[in-house]
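Structure in C-alpha cells, see below.
Note that the chains take the letters A, B, C, D and E in the order they are written out, and that residue 1 is the start of every chain.
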Amino acid sequence: MIQPVNISMDVLNLTTLAPMLVAVVGALFILVIDLFKSNLDKSLYVMISILFLFVDLIAVYESSLTFMQNGTVIGLFDVMQIDGLAIVSQFIIVIASMLFIPLAMTSKRFHEYSYPEYFALFLFMIAGFQFMVATDNLILIFVGLETASLSLYTMIAMHNRAKSFEAAVKYFTMGALAAGFYSFGAMVFYAITGSVEINQIAAVLDANSYKNLGYVFVAVAFLLASFAFKLSLVPFHTWAPDVYEGSSAALAGYMSIVPKIAAFIVTMRLFEFLVHSDIVWLKAILYAFVIITMTISNLWALVQSDVKRMLAYSSISHAGFAMAAVLIGTTEANTALLLYWVMFTFTNLGSFSMLWISRQKNLLPGQSSDHSYEKFAGMIKTAPIPAVIMGLFMLTLAGVPPFALFWGKLYMINAAVISGYTFLAFIMAINSAIAGYYYLKLIVYMFMKEPVDSRYEKVYTKNLSLTLKTVIGFAAVGTIFAVFAINPLLNLIGGFVYNSGF
Amino acid sequence: MEKYLYIALFAPLVSSLFSSLFTAKPKKQFVGVIASLLIATSFVSSVILGFYILGGGEAIHVELMTWINTGGLYIPFGFVVDEISVTMMFVVTLVSMLVHIYSNGYMDHDPSFNRFFAWLSAFVFSMMVLVMSDNFAGLFIGWEGVGLCSWGLIGFWYYKESATWAANEAFIMNRIADLGMLIGLFLLYWNTGSLQYDVVFSKVALLDHSTLIWIGIFLFIGAMGKSAQFPLHTWLADAMEGPTPVSALIHAATMVTAGVYLVIRSNPLYDLVPEVGIFIASLGTFVAFFAASMALVNRDMKRIIAYSTLSQLGYMFAAAGLGAYWVALFHLMAHAFFKALLFLGAGNVMHAMHDELDPFKMGALKEKMKWTWIMMTVASFALAGVFPLAGFFSKDTILEAAFVDHHYVIYGVLLFTAALTAFYSFRLVALIFHGNDRYSQFGIHPHEAYNYMLWAMAPLFFFAIIAGIMQTPFFEMVEEALNAREYHIHSEAVKWIMLIGTQVLVIASIFYAYRKYNRNDITVPDGTSKTENRLCYKVLFNQYYIPYFYEEYLVKPYRELSGLFWKKFDLRVVDATVDGIAKILYNTGEETRGMQSGNLSVMLRWMVVGLVILLIFAGAVGLAVRYSDKILSFLSALGV
Amino acid sequence: MLENILTILIFFPLIAGILGFAIDKNSFRAYGIAVSLVEFVLSLLLWFYYDPNIAGMQFVETLPLIPTFGINYFVGVDGISMFIIILAAFFTLIGIASLPKTPNEKNMIITLLFLQMTMVGVFAALDAIVFYIFWEFSLVPMIYIIGAWGGPLRIYASIKFFLYTFAGSLIMLVGMLFMAYFYYQTTGVWSFSIEDWYNLVLPKSYQIWLFLAFFIGFAIKVPMFPFHTWLPYAHGQAPTIGSVILAAILLKMGTYAFVRFSLPLFPDASVFFMVPIATISIIMIVYTAMVAYAQEDIKQVVAYSSISHMGVIILGTFALNVEGISGSIFLMIGHGVVSGALFLLVGVIYERRHTKLMSEFGGLAHVMPRYAAIFGIFLMASVGLPLTINFIGEFLSLLGFYKQSHILTLVAGTAIIVGAIYMLSAFKKAFFGNVTKEENKNLPDVNKTELVALIPLVAITIWLGVYPKPVLDPINKSVTRLVKFMHEKSRTPDGKIRIQDPLKVKTKKVCSDCASCKEGE
Amino acid sequence: MFETVAFYLFAVLVTVSFFIAVTTSQALYALTALASGMILISGFFFILDAEFLGAIQIIVYSGAVLALYAFGMMFFDTTREVKEKKGNRIIIASLSVLSVILVVLIFAAPVVSDNIVANYPVVEGIGNTEQVGIVLFTKYLVPFEVAAVMLLVAMIAGIVLAGKKMDVSLTLKDDSEINNEEKVLS
Amino acid sequence: MEIGLSHYLILSTILFGIGLYGVMSRKNLLMLFFATEILLNSVNIGFAAISHYLGDLTGQMFAFFVIAIAASEVAVGLGLLVVWFKRHNRIDLDEMMSMRG
C-alpha cells in the first residue's frame, strides 16, 4: 500500500531553495507586470532584475553563513546540496549577472530589450544555473542546464538579425546533441551504480573498485563530451566563435562567464573522484583536452580579424586553462579555478562591454563584421579614454601583472607546479605568451595605427550611457585593484572549497 | 718636492683643458703661447726633480687618491719619481716643450691651431701619467691616454681619408697589444694581489717560473704594440699622416718608447726570465734590421725617419732584452733628442716644400735652408752613431753589451744595421740638401723656417751633440735602480778594434750614400729604372708586402665575415628562427581555421569525432590496462 | 618620509602621471621636467642617506599584499640596486628635458613616467612577485613608445619586443613558483621574499633546472645570444628617448636579475653554467661586435654595441668573485650612461636629417664640431678608455673572470679590440672626411636643449671614470656580502673552489705560491 | 519467451523506423517513421513494467511533439526538396558505426551489479503510476518544478520567437527611425 | 535466450548511433531535429531497462525528465526555425554559413 508521505519541513531545508526561488519569482514578477502594463521601459526591468538578484545574493549570503557554521547543507530529499562550491559559484553567477544585466541600458535600442520576456528569461536562466551548481543529482543538473540553455538560445535569437538566428540555431542544435551525450552518459553511470547522484556513484564505484571499467569509460566519455561542449573544449568548441559573433556583445560576454562556471562546477563535482581514482585514461584525456584546447584555440585566435571572434577563441583558451584545475584536482587547483574565474569575470565584463559600447547598428563601409580590428585603428587619437580602458582589459587578458587575470594565472600555474605538473605549467606559460600576440594586436591597432576612416571615430562610444559607464568603471577598478582583493578572496574561496571536500 | 711633482704632472693637463676651451674658435696665438709656457713649467719642475734625484735624493712617492678599490683590488692614483721616471720626465717634458714652441710656427696657418695644442698637451699629460705612475694600472691609463691622443693627432686633419685611416689603424693595433698588456696585469694581480710596482716586484721572486714567463710575454706584447714592434709595426709608418711635430714628439721621442719604458720598469720581472729577455732582444734585433731595410728604399721623407725610429726601438729592445736596461734607457734618451731634431728638421723642409714628402723632388736645399741642413745633418750623424755625437755613446754601448754577453748574432746584425742606418740617413740628407735642385720644376719656392722654430730646435741640437757626456752621470744615477753595470770588453785591443771598426763601417756607409745620391743626374723615379724593378727593391719598397697581407688576409676577411654574420647569420638564421617559430604558429592557425567552416553539419560532426576519439582512446586504454604500470611510469615522467 | 622613500620613489611618477592627464598638453613638458626632477632629487636623497657601511638592504619596507600566499610588497635597496635606480631617475629627467618636438608629447611624457615607475620598482623590489609585476609591466609603456613614435617597422618591432620578453618572463614565473614551492616544502611557509629564498639551500639538480627557467627570462631581457634579435629592431625603430631608456635601464634589468636571483639562489648551478654562459658572452662580445661593424645605420651600430657590452657584463657577473661582480654592476651603470648618451647623440643627428645611415653623413666634424667632440668622448668611453666610466667596469669584469678562466678571458678581452674597430670605423664614416652631401653643409651644431642632456652625461662619464669610489664602495660592500654568502651556501666542492670567500682570499693571495698554502687547499 | 520475441520484434521495428526517419529524403516519410518509432518505443516501456512512462511517451511524443513537427512541416513547406549532399556519407556513417561498435563492445560485457542499492525500489503490488507519483513528488519534487519552469521558458521562447514582434527588427533599424515609427503609432 | 540488460543497452546504443547518423547527415533542420529526438528516445529505452533490471525507479524518473526536456527543446527549436524561415524562406543548414573561420 501506499504510505502517506510524512516529512517534516525542517528536514526539507527549504532555505536551500531560496536563492533560486527568488530568481524564479523575479522572472514571474516581470511577466506579471507585463500582463498589467505593457510597453514599459527596459530600465524598469533592468532594475527589477537587479533588485531580485540582489535579494538572491542575500539569500546566497545567508546560505554561506549557514555553510560556515554547519558545513554542507542538504535539503529537499537530498536533491539540493549547498556546499562551498555551490555557494562560491552562486556568488559568481549572481554577481556576474548583476553586472551584465545593466548592459541592456544602451543608448541605442536593440530588439531584445523591448521584451520584458527577455529579462524574465534572464532570471530563469540564472535560476537554472543556480540549480545546476547546487545539486549533485544528475537529473536536476540536466533540467537546470536545459532551463538555462533554452533561455539562452532564445535570448540570443531575440537580438533579431540574421547572424543571431544563425548563432541560436547552431548553438541549439549542438546543445541538443550534447544533451543526448549527457543523458547517455548518465544512463551508463546509472547502469553500473544504480544511482544518478554523484556522491552515490562515487561511493558505489569505489566499493566496486571500478570493476566495470569499460562502462565507466563510456560514461565518462559521453559526459565529458557534453561538458566539453558547454565548456567549449576543442573539438567541441565549434559553436563558440559563431555564437559569440552572432549574439550581442553583452550576451556573448555573459556566455563566456556564467554558463561556463556552472559547467565547471558540475565538472569538478563529477571528475573530482574520477581524477583521484587513478584512472590513467581519464588523466591522459583531460591532459590532452587541456593542452589542445589552450594551444590550438590560441592559434586560431591569432588569425582572427574580428575582435569579438578573437575574444571568443581567447575565452576558449581561458576555459582550457581553467580546465587544468579539474585535471590537477587538488584543493589549490579548485581554488585557483574559482579565483581565476572571478578575475576573468571582471576582465571579460570589461572587454565585452567595451565592444558593446562601440557596437553600431549597420556595418561601417569596408567592414565585414561588427568589431573588426580596423575599426579600432587609431582609437587613441579620437577616443583616448576608451582606448586606454580597452587596452587595460586586453593587457589583463594577456596576463600582464598586476591586473586581475595575472593572479588567476599565477595561482593556476602554481597549482600545477605544486602538484608536480611541470610540463603542464610550462605549456601554460608558453600559451600565455602566444596569447599575448592577439591581445597586443588590438592594442597595436588602437594605439599605434592611424585611423582608417574619420567616420569610425564616432562609433566607439555610440552606445554609451551612464549605466554602461558605471559597469565599465566597475570592471576597470576591479581589474586594476584586483591585487588587494586576492588575499580575502583566496581565504574565502579556499575555505569554501576546502570545507566542501574538494 | 711633491709640489714639483704635481706641477710637472698637472701643468700639461691644465694646458690641455685651457686649449680645449678654444677648440671650436678660430686660431688664437695666445693659446699656443700659454700652452708652451705651461709645458715649460712642467719641464722646469722635471728638471728640478731631476737634479734632486741626481743629487741622490730619495724617490718621491705620492698617493693622490684611491681610484679603484674593490674586492682585493686596490688601485690608487699613485705617482713615483725615481731614477727611471725622472729620466723619462726629463725627456718627455723637454721634447714636448720644444715641440710646443716649434708648433706655434709650424701650425701657424692651420685653422685648428687651438685644437692642436689641446691634443698635444693632453698627450703630454698622458705620457707623464704613464711614466710617473707607481702602478701598472696607472701606467695603463697613460698607455691608453697616449693612444687616444695619438689617434687624435694622427687623424688631426680628419678630412684626409688617409689620416683618419692611419689614426684608426694605430688605435686598433695598439688595442691588440693592450689586450696582451691587460692579460699581463690580470696575471700579476691574481698572482701577487696587487698592481703596485713595489708590491709586485717584491713578490715576483716567489712566483713560479712558468707564470713569470707568461707575465713577461704578455707585458711585452703590450710593449710591442706601443713601440711598434713586428708584427704590429705597420701603424707607425702610416702614423706619419699626422702633423710633423706630432711625429717628432709622439712617434719618435716619447710614446713609441713607452714599450721600452715598460720593459725597463719591469726589470725585476724580466731579470727572472732570461728566456723572455732573449726573445725580446732577438725580436728587437730583427726589427732593427727589418725596419732599416725598409728605410733604404723608401721615398717618403717622414716614413724613412719613422723606419729609422722603428729600427732604433729595436736597438733599445735588444739592449733591454739583454738586461742592459740602463743602456736601453740611455739610448732612449739620446734617440729622443736627435730623432726629434730630425723630425722637426723634416718639418721645416715640408713647410718649405709645401708638404712635399718625396726627397727625390727636392735637392739642393742647403742653400735655402742652411740651419735646417746643419741640424739635420748633425742629427743624422748622431743617428748613425758617429763619434762624438749622442748616438755613438748609446748605440755603441748596446753593441758592446751584446758582444760582452756573447750574443754574437745579435751583435753582428746590429752592427750591420748600424751601417744601414748610416746609409739611409745620409741618402736622405743627400737627396734633400745636396745635388741639383729638382723642386723648382714643381713650382715650389722654399724658404727657411721661422727663427723661433729654429731656436726651438736648438736645445735638441745641443743635446744631440753633447748627450754623450751625460753617460757617466746617468750611469751613476740609475746604477742602483736598474742594477746597471759597465760593459768592459776584456781585451783593450778588441775594444779599440770594435770601436774603430764600427766607426769605419759607419763612415764608409755615409760616403757610399753620398756618392750614390749626391749626384746631379738624380731624377724623380718613375718606376722604369732597373733598380726599381728588382724583386728585392720591390719587396722592400712594399714593406715586405706586410700591409698588403694585413689588408688582404685580415681586414678584408674581417669585413666580409662581419657582413656575412649580419646578413646571413643574424638575419637569416637567428632572427629567422624566431620569426619562423612565430610564423609556424600563425600558419598553423591559418591552416587549421578551416575546421571552423561555419557549417552546422561539420560542427556536429566534429563533436561526434571528439566523442569517437574519446571512445577509441577508451578502447585502446581498456586493452592496455594490463600494461598500466608502464604507462603510469611514462606519464609520471611527464609530470602527471 | 625617509622610511617610505622607496615607495615614494616608485609611486610618485605613477601618481604624477595619472594627475598629468588633467594638464593641458601645451604646458606638459614643464610638468614632466618638474616631476622627473623631483624624482631625481628624491633618488639623490636616497643616496645621501644610504649608509655605505651597511652591506645589506636598506630603506626596507614591507606591506602584506597576499599574506596567505607569502606575497608582500617588500622593497629595499643595497649597493647593487641603488645606483641603477638613481640612473633610471636621471635618465628619465634628461630624457624628458631633451625631448625634441614630438607629436602627442603629453602621451609620451605620461608614458615615460609610468615607465619610470616600473624601472624603479624592478630594482627596488625584494619580493619575487612584486619584481615580476614591475618587470612585466615595464613592457607596456615601452611598446607604446616604440609602437606609437617609432620608425616604419615600429609595429613589428614592438610586437617582437613584447612577445619575446613576455614569453621568456613567463617561463621565469614558473621558475619563481617552483622556487616558492620548494621554500614552502622546506619551511612550511609560503614566501616570495628574495631574502627568504636566499636561505634556502637546494640540491644541485634542482638548482640547475631553476637556473635555466630564470635564465630564459633574464637572457631574453639582457639580451643574450641567440635571443638578441629583438633588440636591433627595438632600437632601430624606437624614437630616441625609447632607445635611451631601453639601453640605459631596461636592459640592465636582465643583468641585475642575474646578480639578484641567479647567483645567490643557485650558486652551484651558477658554477655549473659558468663556462657555457661565458661562452655565450664571448659570442655576444665578438660576434655582435662584428655584426655591428657591418651595419650601415649608426643607431644599429650602437644597438649591437649594447649587446656586445652586455656580454662583458654577463661575463663579469659570472666571474663569481667580488672584482668581477662589482665590475659588472659598475659596467651596468657605465654602459647605461654611455649607451644612453650615444643614443641621445644619434637622436640629435636624426632630428636634423631624419636619417641614420652613415653613408648619408661624412665630415660632420666640420659642420658640427661640438657634436663631434661630445660624440668622440662617448665613443672613447664606449671603447673603454681608462678614466672613463666604462673602463672600470670592463677592466674589473675581465679581471674578475680571469680568475675563472684564462683562455676565455683572453678571447673575451678582444672586446677592447673589436669594440674599437666598429666604433672607430663608424665614427670615421660619419664624422671624418669631407662634407659630401649638400644637406649636411648647414647643419646646426648641438643646441642648448641637447647640451642640457649631454653635458651632465659627459660629466658623469668622466667623474665616475676618475673617481668611482662613491659608487664603487657601496657596490663593493654589497657584493662582498653576496659572494661570501654564495660561498657559504654552495654545496658542491666545485662551487666551494670557484666561489671563494672574499674575506679569506686576500690573506691567501699573499702567499699564493708557497708550499704550505698549497697543501692547505 | 514472450518477452524475447517482443523485444526483438520491437527492436527491429524501432530500428527500421528510425533508420527510415534519418535516411529518407521525404520529410513526410521521416515524420511518419519517427512517429511510429516513438510509439513502438513505448512498447518497450510496457514490456519493462514502466506503464507510466509508456503512457507519457505516447502522449507527449505523438500528441505534442509530433503535432508540433507536423505543424512545422506545413509551415515550412517541406514538400520542397532540400538538397542533401551525399558526399560525406561514408565519413558520417563510419563515425556513427564506429561509435556504436565501440560502445557495444563494452556493453557486451555484463554489468557487475555489486553494491548497488535500489534507492527507490519498485514495490510489488503497487501500480507503476503510483510509485512514480510518489517518487516524483518527494525526491524529484525540485526537478519537477524546475521542469515546469523549463516548460514555461520553452513556452515563452516559442511565443516570443514565433511572435509578430520579431518580424521587424529594432536591432537593424536606426534609432531615429524607431522613434518616428513610435510617434506615428501613438 | 533470456533478454538481459545488455540487450537493451545495445539496442539503445544502436538507436543512439542512428540518431548520431541523422544528426550528422541531415541538412534539413527540421529533420535534423527529428534525429535529436531519436537520441533522447534511445536513452530513454536504456533508462527504462536499467530501472527494470535494478528494480529502481530512478531510471524512470530520468526518462520522464528526458521526455520533458525533449518536448521543451522541440518548442524552442521550432520557434527558432520559424524566425529563421521567416527571413530566409528555407531551412537548409548549408545556407547558414555567414560566420566562419
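Throughout what follows, a residue touches a chain if its C-beta (ideal position, glycine included) is under 8 Å from a C-beta of that chain, and two chains touch if they have at least 3 such contacts.
As the structure is a prediction and not an experimental result, all values here were calculated from the model.
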| item | value |
| --- | --- |
| Any chain that touches chain E and chain B | A, D |
| Of all other chains, the one whose Cα centre sits farthest from chain D | B |
| Top chain pair, ranked by how many C-beta pairs fall in contact | D-E |
| Centroid-based (C-alpha) most distant chain relative to chain E | B |
| Geometric centre distance via CA averages, chain E-chain C, whole Å | 65 |
| Where chain D and chain E are represented by their mean Cα positions, the distance between them in whole Å | 5 |
| For chain B paired with chain C, centre-to-centre distance based on mean C-alpha positions, whole Å | 34 |
| Centre-of-Cα separation between chain D and chain B, whole angstrom | 98 |
| Contacts with two or more other chains, residues of chain B listed in rising order | 582, 593, 596, 598, 600, 604-605, 608-609, 611, 615, 618-619, 622 |
| Touching two or more other chains - residue numbers and ranges from chain D | 88, 92, 95-96, 99, 103, 105-107, 109, 111, 113, 116, 118-119, 139-140, 143, 147, 150, 153-154, 157, 159-161, 166 |
| For chain E, residues that touch 2 or more chains besides their own | 5, 9, 16, 19-20, 23-27, 33, 54, 56, 58, 61, 65, 68-69, 72-73, 76, 79-81, 83, 93-94, 96, 98-101 |
| Each pair of chains that touches, named by its two labels | A-B, A-C, A-D, A-E, B-C, B-D, B-E, D-E |
| Chain B-facing residues of chain E, complex | 20, 23-27, 93-94, 96-101 |
| Partner chain A, residues of chain B touching it in the complex | 582, 585-586, 588-590, 592-593, 595-596, 598, 600, 602-604, 606-611, 614-615, 617-619, 621-622, 625, 628, 631-632, 635, 638-640 |
| Chain C-facing residues of chain B, complex | 23-24, 65-73, 137, 140-141, 144-145, 148, 151, 155, 158-159, 161, 164-165, 168, 171-172, 175-176, 178-179, 182-183, 185-187, 189-193, 206-208, 558-559, 561-563, 565-567, 570, 574-575, 577-578, 582 |
| Chain E to chain D touching residues, read off their complex | 1-11, 13-22, 24-28, 30-31, 33-35, 37-38, 41, 44-45, 48-49, 51-52, 54-58, 60-61, 63-65, 67-76, 78-83, 85-86, 90-92, 94 |
| Chain B to chain E touching residues, read off their complex | 593, 596-601, 604-605, 608 |
